[in-house]
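Notes to accompany the following structure.
Letters A, B and C mark the chains as written, and numbering starts fresh at 1 in each.
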Amino acid sequence: MAFIELKGVGKCYGSSQILKEVDLQMFEGEVMALIGPTGSGKTTLLRLIDLLEEPSSGAILLEGRDVARLPERELLKLRRRMAMVFQKPVMFKASVKDNVSYGLKVRGIKAPEKVDLVLEAVGLQSYAHRDATTLSGGEMQRIALARALIVEPEVLLLDEPTANLDPGSAASVEELISGLQTTVIMATHNMNQCLRLSDRVAVLLEGRLAAQGKPTEVLASKEREASLFPSGGAFVPWYPFGKRVV
Amino acid sequence: MERRYLRQLVLLVALAMIAVSAASAEESRLKVATTSSLFDTGLVELMAEQFEGMYNTTVHIPAHAGSGIAFQYGQRGDVDLLLVHDPAAEKKFIDSGDGLERRCFAYNYFYIVGPAGDPAGIKGLNATQALRAIMEKGEEEPDKVMFVSRGDNSGTHSKEKLLWKGAGYNYSDVNASGPWYIDAGQPMGATLLMTNEKQAYTLTDMGTFMAYQGNLTIVPLITGGDELLNVYKAIAVNPRKHPGMNCELANKFIGFLVSEDGQKIIGAYGEDKYGQPLFFAASGNCDLIGCPKEECATPATASCTA
Amino acid sequence: MNEIGQGFIQALQLIFSLNPDVVGITARSLYISLASVILASLVDVPLGALIELREFRGKRSLINLIQTLYSLPTVTVGLLVFLFISRSGPLGGLNLLFTPGGMIIGQTILISPIIIGLTISSLRGVSSQTRETAKSMGATERQIIATVIKEARYAMGAALLLGFGRAISEVGVAMMIGGNIRGYTRVLTTAIALETSKGNLELSLALGIILISLSLLVSLLLSRFQGR
């Protein structure tokens, strides 16, 4: 059974429909990559899975149970089993330590040693007492990741986790992700990252799920490429297997 | 939501604390409303202090403009005792059942004061004649001759209105007659200062004038006569109409005012400071001040309980 | 103009000689206004948070109304509260008229629009993503609000300071509700009014200088507390 399943999920904001009829399955322990151009709805999808908002239509099933429209108290319990890192993460006006341990604090858990552990995992060991608002973009991204990891979530949602990172840091973050046992859903632009890290891929185009499956299946075939990426399209050139498609 | 209950609880606790702090003051304190002319002389505070010592209690005097608000407080049951000097308002207060009974305890005279040069030439006239002169001259030369009125429904203001009536004028006509008539809307002390500033005429009680004399260059021009009689009375607020009044203590205060000691203090008040007393004791002068025998410097007799 | 210089000198004399009347009046002003700010924060900060963080019909009109009430005339508030707590008013049984407790309630009402309104704008200054981050980290509704308020703490501090300033420098409520009773409800502002009407201008000025110094002191303490 799928750990997380989306059935016919749609989301509108006012008159614009961001997601249309998405059917998606994610299995426990896997790394699923969501790829697609900007504006295709990847972030919205992640937010819906994190139960930050209700879908306009369709069902979201966690372990077979439809959780999309439960009362807030129930949603809170479920949300606490997940953690999300936003695309441009925001730091609280406090120390790095306070930021990182926020998830523990709201759950009433005191575990200061975990702070050091996760900081080390993201390579920012000595940062605990620094003012989080003075960090660089890349540092903030890693702190946000540490902040998510500290609560040991069953589902980790990442929106472009290495977007602001230099290649070295990006590599260590990728290594971190691949070492995780938890279910990871990761939105990304980066095809290579997708191929390296993910067990399965979902392709989103204009709010619709264009394809879903193993990376090799989804990305390999030329016909797929052609249908997925219409020529003259205004996005980043993709490099599946070294072939250029523009 | 539990948060809402928590907030309500805190609010309730806070209000309760405030209420408790307020209530504990209420138990034994006597609240006295008085007119600014009496208050500004310091007599009431002196009597209150003495009283506090004698009966081991607290007297609170919300200091306000004048009789107008004092009677309001009485009608609302916000004070236990009134010390006032406005016969028409007093009668209404007792007739309506708000006041228990009236006791005269002191008197003095109103003065008509003005610039030493006396541009309206009122010296030697009686009060109504003087006002007539001031109005006539004032209409002619408003920058030379002016009159400042309390304008605040105080006892002094009521007296002023009575005098205008006695002079044959309609008060609203006087008020609107011209720039010579200045409606101050202030307590007595402030009115005197304004009158001094403008070198105008005004009606004042003797007590306040003498207390402020050091700061003034205007002088008393008309100082006696029945028309200018100013009799002070004490009225306890009726506990039957306003439950919760500290009637016992109010009656005791009246008793103190009219007692031999009280009357002596009143009759001597200000002598050392100003060379002459600011007030005269009511007792022994009942006919002069037109106060009926039962009401004149006698202790309160009405019972506080039904 | 000489009075101002004399006023300063008298202020210093009063302060350094620890004149008991002045000390009493000053302490009472501080107590009443501080209590008002504390009470107002307890009620108004959560209220402001609730208004800002929820969407509902008429929200903008409500906020407009609150902002209009920033400059409520103090005498009007004083009069309205008086009508309520007078013995013949609905809350007469609480015996709050002519007591410091009544003054606290009056001042709390006076400054509430400011505290609510500035709480709303302070919270608005916190990015919605902060709120979302807190939410996605598993914070409860109440924890989210607490976090957002904490993020807005500098602006909130300014709001409380403004509320305190308005409370301690107002006359209308203090006079109508307190009655300026010596030794019981007399505060700096009502004392200034009284002394002025008596013609004691230098004393009035001295008291005014003390009042301003108090506000300055509180403001300094607040910035120290905010860690700036």
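Quick note on the criterion: a contact is a pair of C-beta atoms (placed from the backbone, for glycine too) under 8 Å apart; a residue touches a chain by one contact, two chains touch by 3 or more.
None of these values were measured; they are calculated from a predicted model.
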Quick one: most central chain, C-alpha centroids?
-> C
Decide which interface, A-C or B-C, involves more C-beta pairs in contact, and give its chain pair.
-> B-C
Give, as an integer number of Å, the spacing between the C-alpha centres of subunit B and subunit A.
-> 80
Roughly how far is subunit B from subunit C, going centre to centre by Cα mean, in whole Å?
-> 34
Would you mind pulling out the distance in Å between where the CA atoms of subunit A average out and where those of subunit C do?
-> 47
Would you give the residues of subunit C that are in contact with at least 2 other chains, written as numbers and ranges?
-> 141
In their shared complex, subunit C is touched by residues of subunit B numbered 1, 3, 7, 10-11, 14-15, 18-19, 21-23, 25-26, 31, 40, 45, 58, 60-64, 75-78, 186-187, 189-190, 193, 212, 215, 242, 244
Of all residues in subunit C, which touch subunit B in the complex?
-> 39, 42-43, 46, 86-89, 92, 94-102, 104-105, 141-142, 178-182, 184, 194, 197-199
Parts of subunit A lying in touch with subunit C, wherever the complex brings them together = 50, 52, 72, 76, 79-80, 82-84, 86, 88-90, 92-93, 102-103, 106-107, 147-148, 151
Which part of subunit C faces subunit A closely enough to touch in the complex?
-> 127, 129-130, 132-141, 143, 147, 150-151, 153
